[in-house]
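Provided herewith is a single structure, encoded as structure tokens, for subsequent inquiry.
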Amino acid sequence: MIADQLPEIEAIRKLKARYFRCMDQKRWDELAEVFAHDAVCQWDPQPDVLHGREAITAYIRAGIEKLVTVHHGHMPEIEITGPRTAHGIWAMSDLVVGEDFHLEGFGHYEEDYVKEGDGWRIRRLRLTRLRVDVRKKSEL
Amino acid sequence: MIADQLPEIEAIRKLKARYFRCMDQKRWDELAEVFAHDAVCQWDPQPDVLHGREAITAYIRAGIEKLVTVHHGHMPEIEITGPRTAHGIWAMSDLVVGEDFHLEGFGHYEEDYVKEGDGWRIRRLRLTRLRVDVRKKSEL
Amino acid sequence: MIADQLPEIEAIRKLKARYFRCMDQKRWDELAEVFAHDAVCQWDPQPDVLHGREAITAYIRAGIEKLVTVHHGHMPEIEITGPRTAHGIWAMSDLVVGEDFHLEGFGHYEEDYVKEGDGWRIRRLRLTRLRVDVRKKSEL
């Protein structure tokens, strides 16, 4: 590892921190900024593949705006692959609570990042799942 | 970001690691050392605002000494704001288990740090909550 | 802290990330690579002390190959103790799901690392537990 890469790795860790925090604090304008304009995202178990910052942010917002959500990333493995490109793997856990259900999930993100003029952004995101537990309200 | 800041950021991550670990391992003397003498802390949903290292440590100890606790921080966003000052946001999760209840909570810390002679300390801490789930023993 | 240590600390964080991910993704050959050939491991509450990479990997595989597992590390405190040695503490949480049980646990790893020709490896690992909750299927 080259020491020069460490500031880039730290910047990507903070990028992913904003991804999680803006999602859970419902900060939609700030959330949009974490994605490249040409980003492509897919979150297992949803089959949808989203293209473009606007479509991605609208999709997340429609899915969770009225729900309590808690998303955490863990144990990043970030590789700087070029002057403006990087690759990352993150473990994740999430909690989504609606009026009539309670979902807990676990998995891994596999992502590509791009450094644009003003900082790193997520260009490609794919979530795979190890486990999802859903309980209905009647079981809580 | 300046590469010179990375050792400070790592030192603050380890400071916060000691905050969590000393709390959960009930190491009260070591826990006191993570706070500045003039620290100010508030943990939602408790309304109390604690002033000073001794009052803060006594408050934590009285609250959790006889309970099993598990506190984890996630996804730090740390900014070095001056030669001896820094600001941080952390996601968090906690588990508190007593004889007759089981609490799981989630939220964010927003904190200021100060670098004193021998290292970084927490000067201001405020916890806000996304979610708290409490179950009584009869429901477990 | 010396800035020169930061690349080593980041390499150890990624070593531990592979430990968790290869375990949960059941990548046994890659998992073996995270351990030194003379590694010694013990995972509370199991009393077994395992010696050597092959025995350690076989033990993990026998224990969890057919189970869904989710292991996360949190809040590392890593110290570089020599040119080729380091010490670390990690908080942890795990989830293990079998056909008839659901285990959630929490604790701390205390570990020694060694830098061999091609990178850092775990030489000694000891897990202690703060809490383990096991539910049988009939209670889920």
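Which chain is which? They are A, B and C, in the order written, and residues in each are numbered from 1.
Here, a contact is a pair of C-beta atoms (placed from the backbone, for glycine too) under 8 Å apart; a residue touches a chain by one contact, two chains touch by 3 or more.
These numbers were taken from a predicted model, which means no experiment stands behind them.
**Student:** Only C-alpha atoms count here: how many degrees separate chain A from chain B in terms of the superposing rotation, rounded to the nearest 5?
**Tutor:** So the angle, rounded to a multiple of 5, is 120 degrees.
**Student:** Taking all residue numbers at the chain A/chain C interface, are over half used by both copies (same) or under half (different)?
**Tutor:** Comparing the two copies, chain A and chain C contact each other through largely different residue numbers, since under half are shared.
**Student:** Counting in whole Å, what is the centre-to-centre distance of chain A and chain C, each centre being its mean C-alpha position?
**Tutor:** Computed value for the inter-centroid distance: 25 Å.
**Student:** Would you give the residues of chain A that are in contact with at least 2 other chains, written as numbers and ranges?
**Tutor:** Residue numbers touching two or more other chains: 3, 6, 74.
**Student:** Spell out the part of chain C that touches chain A in their complex, as residue ranges.
**Tutor:** Against chain A, chain C makes touches at 3-4, 6-7, 10-11, 13-14, 16-18, 20-21, 24-25, 68-70, 72-74, 95, 97.
**Student:** Please output the residues of chain A touching chain C within their complex, sorted ascending.
**Tutor:** Within the complex, chain A touches chain C at residues 1-3, 6, 9, 74-77, 89, 91, 93, 106, 108, 130-131.
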